[in-house]
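Which chain is which? They are A, B, C, D, E and F, in the order written, and residues in each are numbered from 1.
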């Protein structure tokens, strides 16, 4: 029986949040831990939709904090599947802040997270393969493979 | 100079959340206060986008809790502008739960919230008018007017 | 066997809270979602005392936010049973802010919530009937019936 | 000009809470830190009402945890002024759990907290004196003095 | 079989926290309830390490709040076993704030907490005895005994 | 004037936490966002101690989640400075879970975070250089350089 195949669009997730005072750090902008929590939840929802199984985060990579976000700003967290191996899934997440009064958006953070799906006994299971459709999706798929290769090479080089 | 006019689509908001154990009530389903908080935030983001000003909630009406939501479920909160007066805006919010493994959605809650926009001195200001485009948007606009009329009539009848 | 009858005073609930910085919205006054959470809890405690069973919120109506509440203010949330049907209970909630240094109180919010009590299988069960005693309690009982009638009439009129 | 005098009843505070899953410890009963937070807030509200000034906690004494409290239970926190010195106020707090279905109450915790009131510069200020009225209030007043004496004697005896 | 004996150093606990805006009170310094939560957790971790069993807080004594702590400060919470009876353990906790830019530390709070260890049925069980090694540990052991004696004498004297 | 030099030991941070029910995910183990928040706080405290200035997270890399952590477990988060450039600091964080009843520890997570220190105007400022002392510190310093090089090479290779 041939393995199921799904598209990135099938599991695309968009979350939206508003920065409240209890999300802030001592500099009065959003606390990085809150952003990372939102990233983890958005990515986990994306991976679970693709796998149609419970998933666990196994790796988070390359979170770039490009700009702080202020209280009252809207935050848009977009998670889409970049790459899928036999049991692992790599999700790319983009975080943007939006000024609600001007509509102006700005990318503030991005990250790559790896998940595996688990069966009832907590054992990793095979997931549907990913079929990137658009040029952008294909670019992300290739870049994800390069990231995996680069990580492997780095690991070997470390003492 | 003629007043600005905007469409419901210009301020449509979709939030997505995952139910975590710290969102639950003693029955181990989602706590109503958490749902109401998400509804208030989604609706406030919608009203702020329309008004392009800070907004405050003045009224929340007719929140129907149709079904409980379990831990691990995804929650989709959709807020769209139903009606706009001179300074007040009525936002309709629909809450759906989604089983991430089957993709099956179910409407669990709905609500109507009224906001006003404030200037720098905290005084209510005129907001852009609303131009419903689709049949569904026109139906919501008419229903919102009926709700306002019914509330006025009820208020008069109360002792 | 005749059905049990209880008075509003038997299930009256008064909560008191102090507004802390982590309760605030970006305008630095109390976040509406926090007020709604307190309202839901106070009303649920009231309904559970009347029903002597676990209860679930089925409807929240007509929350009026009349005035913001500042950090450091005390908040008094009073919940009392207004009306009881065979299985449903309508609780009226009044929220007041109190300046702790002057003792001056101000009503900031009010709301009406409907609950049902559930048996062990989650099926709605009959609850004790309500016998309003004071003129105020009788007025609330009559008003609650008018609200129910008005809601039914409105529902029919909506497209 | 003679100093103002107030009664314990003038500043009596009763809070009520419901134990939610996010209040629990790993044993699945209420986390002690949550109880202590509620005790601190109730006592601070009581002291602020007496002093009519902002107050700060300077000491907490003799918190007895007599019984755990389960999820879903109601919690009643009662704070009343036991003793007042020139600038310090001792508040006694009693915590009871209530089974909402049987109405049965049980004392679970008690504590004694000392506050001082501060002026605009953060300097402790004189507060109204306390005039205990009932026998119970007089008993608490005398016991509070004995506690203060015993603490002083203990402090001297410690190496 | 002789009873096991352990040293205070075997169960010493040091926690470190950073004061975030959602830890604050209306005076914009750390909320006492947050400090007490950290104290309870640090002391419970210490007692559990000594007892090698689940523990519950039975008593908290003599919490001194000597100085407020500001947002952004680091907080160091040190918990060590002062005294052990047959089934009860007394833990001393010291709280210090640290200015991260100067490294300057200041003691802000201290407290004494009593725990018992429980077996699977929730019954208090005998715990290893405590063998203080250093002069400081011996001093704390003796002082803890004096505190217990003073508390007993006080209890008898109260009406 | 020569630039100041500090050792990794000068800014070593050890946090300890206990997993509470409100830290959990739907699988009832610790939520990844909570772990990432603790990692961010520990690393920020470490960087601030080295820089003696306020710091902001600019990058988080290579978070490995090796094992889940259960409710009731102790968590030890150790953060130490691995590498320092002119204005940037790389902090390595190791997370271990500890069974409090057996004392058995297990590494569950590790991560690398990059911070910059800011002056009063929010402009990145030069920080003291880092002088690794032990073989382990020197190994980490070299590995951090390799990570930076590998990241640069990867960035160039991505489309």
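Just so it is clear, contacts are C-beta pairs under 8 Å (C-beta built on N, C-alpha and C of every residue); 3 or more make two chains touch, one makes a residue touch a chain.
This is a predicted model, so every value here is computed, not measured.
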item: Mutual neighbours - chains that touch chain B and chain D alike; value: C, F
item: Length of the shortest touching-chain route, chain C through to chain E; value: 1
item: Superposing rotation of chain A relative to chain D, computed on C-alpha atoms, to nearest 5°; value: 180
item: Euclidean distance of C-alpha centroids - chain B vs chain F, Å; value: 41
item: Between chain A and chain F, centroid-to-centroid distance (C-alpha), Å; value: 21
item: CA centroid of chain E to CA centroid of chain F, Å; value: 28
item: Contacts with two or more other chains, residues of chain B listed in rising order; value: 18, 21-22, 26, 31, 41, 44, 54, 72
item: Touching chain combinations (by label order); value: A-B, A-C, A-E, A-F, B-C, B-D, B-F, C-D, C-E, D-E, D-F, E-F
item: List of chain A residues in touch with chain F within their complex; value: 26-27, 31-34, 36-38, 40-41, 44, 54, 56-65, 68, 111, 139, 142-143, 146-147, 150-151, 153-154, 157-159
item: Residues of chain B touching chain D in the complex; value: 21-26, 28, 31
item: Touching residues on chain E, where the partner in the complex is chain F; value: 13-18, 41-42, 44-45, 48-49, 52-54, 72, 74, 100-103
item: Chain E residues within the chain A interface of the complex; value: 18-22, 71-72
